[in-house]
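Next come two complexes, and both contain chain A; in the first it sits with chain B, in the second with chain C.
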Partner chain A sequence: MTEMTASVAAPAVALRTVKYKSPTARGRLPVLILFLPPALLLFTLFVILPMGEAAWYSLYRWNGYGTPTDFVGIRNFSVLFNNAAFTQALVNNGLIIVVSLLLQIPLAIWLAMMLAHKITGVVTFRLIFFLPYVLADVAAGLIWRFVYDGDYGLFAAIAGFFGVATPYVLADRDLAIYAVLAVIVWKYFGFHMMLYIAGLQAVDRSVLEAAEIDGATGWQKFRYVTLPLLSSTLRLSVFFAIIGSLQLFDLVMPLTGGGPSNSTQTMVTFLYTYGVTRMQVGLGSAVGVVLFVICVTLAFGYKRIFMRHD
Partner chain B sequence: MTHHQEKARPRAELFACLTIATSLAFGAFATAARAETVVKWMHVETVPSNLKVWEEIAAAYHAAHPDVRVELQFLENEAFKAKLPTLLQSDAAPDFFYSWGGGVLRQQSQTGALQDLSSAMKADGGTWAKSYKPAALDGLTFDGKTYAVPYRMGTVAFFYNKQLFQKAGIKAEDIKTWNDFLKTVKTLKDAGITPIAGGGGEKWPLHFYWSYLVMRNGGQAVFDKAKKNEGDGFLDPAIIKAGEQLAELGKLQPFQGGYLGATWPQTLGVFGDGKAAILLGFENTEANQAKNAGDGKGLAADNIGRFPFPVVEGGPGKVTDTLGGLNGWAVTKKASPAAIDFLKYLTSPEQERKMAAAGMIIPAALGAEDGLKNPLMRQAADQLAGSTWHQNFFDQDLGPSVGRVVNDVSVEILSGQMSAKDGAQMIQDARALE
Partner chain C sequence: MKPATRLYLYLSLSLVACLVLVPLVTTALGGFKSLGDLRVNPFGLPEQWVWSNYTDILFGERYWRQMGNSLLIASVTVFLTVVVSAMAAFTFAHVKFFGAAQLMNYFLIGLMFPVATAILPLFIRIRDLGLLDSYWGVILPQVAFGLGMSILLFRNYFRNLPDELFQAAFVDGCGYIRFFWHVSLPLSRPIVATVSIVSFVNSWNSYILPLIMLNTETKYPWPLGIMVYRGEFGTEWQLVLAFITLTILPTVIVFFLAQKHIIAGLTAGAVKS
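What follows is the complex of A and B.
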């Protein structure tokens, strides 16, 4: 059957393509010439070229003045991977990803499950939960700096109320990263929640009803019906969480600036502190290259493996 | 005749219209190109009253030189530092910009982005050069070439809360040596008073302790050798000893709670609120503690005392050796003669006296200190005038990369995370990477 259709269809298709192809090619060329260059030029100028430049600078010792001349090969990279602050930054980025996946996303799904239905007051709650995401990162960082403040902040007030010594969480090497993680979860769960609400609203009610008729419990309904139907949203949300975690910068700067003792450094805050403020453009570019490679590998790997069908 | 006129009028009108249109379109440019030289002055000043003083000076200069217009351009401090390398290499470079001297200025001078002012300074028997304090001019001169016009000087010293000292029974005059200082810290702690306000979040406020200890333990000879990477460099025994003394101070836990996260304004606030007795700060500490105090007023002026960083027994450093800022106006390659003439005017004793009177600066110009009205600022100026060695901030002098490592190391040693020896090694390593 298939063979027959194929053999019948083949000449027709071949005929059509022969007839069809040349006018399109002829018609497309002027369009290409006219419309491609502006976009291509902009993209090359502001995306491809800087990336190439960063890769080039990363092989030099250079302070940003004049043109780089002091070629050092891969020394910037070896310095980088021997630097305790950078390895700490890598560990922290990993930790942020783990917390995003294990804490933030489940929290977002849980809240989305409750807020996907049309109950009175649901819009208000959605708004409240989404609000942190709308806030500028720097503003959120500053707000939380005040909350954590051991002298005048909310933490000081709470500690004072219970009559215990105030913890200075942001000044504590062991606690600071957890304080930052808490803010990250607070800041971004609303975004993921909104994704899931949209995903849940697309779930067909009749499937859930069918499951109910079959006698599925609440958990079973969630595990075997809702979650599989949410899987494309889940894959997207995980993707955003990973890439966002890798690029985290503006929330950390006002909170701790990467301190104390580099305990809250991320790759990008490391790039800024060691590359930009120390005017070591070469080393900074090397961080950029490493970050780029990690991001690209993860993004393409993830898309290829998990998002093939989306 | 009439006929001729009739014909000519449209053309004249057209011409008039065109002229108006062009002059409208190019308004500022056209006039500037014809009559005015624009002097671009890039700064990081944020205090409105200080800016007003500058604007008045610029206006007065414009009144005397109608063909020169001075344009003030502001950039936020951190943004300024990050943008400068690109800016200096572009056509948008200013004529002159704010500089902290030291290694950064030297780096800029080596790139050829700056103008060598030494011949202009030395002209007419060196009248221009002689109008500044020698230490200020020296600090902005590398290998005999001056790249910036001296503007202001500053010095870091201890400030203390007189009431709290009295409560603990301490006399500031008795603090002559580092051991006296450590004793003071203990006495204050025993009296239930937080001894020192420290800003570990920004790191550099604590690097002053290490800097001064290095200066007192090693003297100029040791530091200069370390800077030039001669001998043992930063592994000099005197420098390691300085680190050990710093660790000793840290062990006493002299700072307010959470000092490792405190920014500089917060630190000033802790001192201004009377929550800590001592602060190692700049010459303008009195004004800044008031600004950052909880009530906006802070400590009363007569409640604040000042004493120099004490000497270390057996160290060659003198109590009169000073650590502090030295600021100038770095002149770019493209700067016009008018810009240089304006700088001469801006940093002349008359103008610097005005700025001193406004409490803005300790002048770098000779003989302008008499403008200083504030007694604590005056004390700082007197200390500078009698300085036996004025050292620029270490994090400026050693250049951006080693300087930041010095800041890191100071905090790590103070908080007991790093030994004095490891710290010195880390700085030496950073030096080798330069």
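What follows is the complex of A and C.
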């Protein structure tokens, strides 16, 4: 091997061009035949075809048996948008996005900034804050169901301590969604914090020091130096927050299951409750199509507007 | 640093840490209480440590079966995801063929939407294939939906391996497949680790796919099992809390043991794609 490379070293330039035009045609076909089809088959069969079928089924009324024949055009979609539970789900998904952007991301940035200081215990704090993100949504949801429980939970004890009537937060139509939102922030802020910690590590210290010498206050340093330097992290974090908010399901199921009276429904819990459990394939597929269109529009629009520099 | 700043930092950080930890710690402690104790004193230490809540679960079959199911599903998912996506990514990185760029974009479509969008047609497909209520019905869609990101991560990594390796190997008469097996894969441990961690965590925590594909309780992975348990024991919160604690315990232990890799894997997995 060493002898080989030594002898090859001299005419390396010539060899590189020659070898590169036909990089050992030996085995090119076998490798394509062996290596590509498994991925292609799995992906087509379980990702692309189902998505196409969702678009197709969404035009039918169908219970999932035999073949869909009862063509109803876009009726499933008009049913959907006239359904109070579904519009509530859309509003809730919007609310989740707003809370993620206005509460969760600032919280994440604030914590990341604090953890950038060299104080003892930073690593421990970082671990603790990331912990909820690692837990399964279902487990986190059940834990918070206990926290909110009006008879045995922490809220019961807190209310008792202040001597007020115990609130049954998750059974209250008006409060339940806020309770769910709090759990979402609790569960996901650590992930965003980690993104910002990574982003902050790339910030050049000397720029901050220069600003300090010029007499910038703490807030000015943050607003005019750190934040602009974090902008690509910020765009990424916002993107994840939006996409994550749209597909929320696992966390809501153990908490409220979409209730009480549909007040905490999200698009996916709606799809599950009305499409899957009642086997209304057409209606459920229509929800899938709506979700797909929103996701793809966001992904393309966001990439085009905000991420073209990255 | 001024003492006031230091104080402010520690106070704020501790406050948030408490908000994170209190629900978790009270859950674990709640598992040691009797129901009456839990009702009057959900925050404090148990008046009497009721170990039987935990030991009954640990000596029962149910807990271990669910953990075993989850482990089996997650392991097969990780294995298939790594093998299938590494192979596909290798062709994208090293083999020039007609339509490669288009095919890569085809796989990237998978990054744009969640499983939930196609869950009903997926259910019908799995049913028609006769895979309903089998582990394969959960594993195959999981692998398929993980392919987009995994292929992207692998391809970027393979591409950055030094070109000289490739040329040296080919001069020595090494074919693509041997190169993949003897050079690419052994050099790619970090990215194999990242892909494995991401797909393992996703599968271990996954709820909606098994919920729709599995009907038999003995086949349930733990997120489904825990919901069934909670449904059965209703307001006997002390048992439910013990069960929750035991099911998240492996995650917490592994997280603390391998925190560096897990944090890096989960954030890098997200960022690099």
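Just so it is clear, the second predicted complex is superposed on the first by the 270 of 310 C-alpha atoms of A that agree within 3 Å, B and C clash if a C-alpha of one lies under 4 Å from a C-alpha of the other, contacts with A are read in each partner's own complex, and residues count from 1 in each chain.
As a working rule, a residue touches a chain if its C-beta (ideal position, glycine included) is under 8 Å from a C-beta of that chain, and two chains touch if they have at least 3 such contacts.
As the structure is a computational prediction, the values presented were derived from the model and not from experiment.
Contacts for A:Val31 in the overlay, against chain B (first) and chain C (second): which applies, first, second, both or neither?
Only chain C is touched by A:Val31; chain B is not.
Hey, is it chain B or chain C that touches more of chain A?
Partner touching more chain A residues in the overlay: C.
Tell me which partner A:Gly66 touches in the superposition: chain B (first), chain C (second), both or neither.
A:Gly66 sits against chain B, while chain C stays out of touch.
Scan A:Val276 for contacts with chain B and chain C and give back first, second, both or neither.
In the superposition, A:Val276 touches chain B and chain C alike.
Going by the contact rule set out at the top, does A:Leu40 touch chain B (first), chain C (second), both, or neither?
Touch status of A:Leu40: second partner only.
I'd like to know which partner A:Ile74 touches here: chain B for first, chain C for second, both or neither.
Touch partners of A:Ile74: none, neither chain B nor chain C.
Going by the contact rule set out at the top, does A:Asp151 touch chain B (first), chain C (second), both, or neither?
A:Asp151: touches chain B and chain C.
Between chain B and chain C, whom does A:Val98 touch in the aligned arrangement: first, second, both, or neither?
Touch partners of A:Val98: none, neither chain B nor chain C.
Both chain B and chain C touch chain A; at which residues?
64, 149, 151-152, 276
Tell me, which parts of chain A touch chain C in their complex?
Listed in rising order, the residues of chain A that touch chain C are 1, 4-5, 8, 15-16, 19-20, 23-24, 26-28, 30-32, 34-36, 38-40, 42-43, 45-51, 53-54, 57, 64, 110-111, 114-115, 117, 119, 121, 125, 127-139, 142-144, 146-147, 149, 151-154, 156-157, 186, 190-191, 194-195, 198, 236, 240, 243, 246-247, 249-250, 253-254, 268, 271-272, 275-276, 281, 284-285, 288-289, 291-292, 295-296, 299.
Would you mind writing out the residues of chain C in touch with chain A in their complex?
Chain C residues touching chain A: 1, 6, 9-10, 12-13, 16-17, 19-24, 26-27, 30, 35, 38-39, 41-43, 83-85, 87-88, 90-91, 94-97, 103, 106-107, 109-114, 116-125, 140-141, 143-145, 147-148, 151, 166-168, 170-177, 180, 201, 204-205, 207-208, 211-212, 223, 226-227, 230, 235, 237, 240-241, 244, 247-248, 251-252, 255-256, 259, 262-263, 266-267, 270-271.
Touching chain B in the complex: which residues of chain A?
Listed in rising order, the residues of chain A that touch chain B are 63-66, 79, 149-152, 165-166, 168, 170-173, 176, 256-257, 259-261, 273, 276-280.
Which stretch or stretches of chain B touch chain A in the complex?
Residue positions touching the partner: 78, 81-82, 85-86, 88-89, 104, 107-108, 110-113, 200-203, 256-262, 266, 270, 275, 294, 400-401, 404, 411-412, 415, 417, 433.
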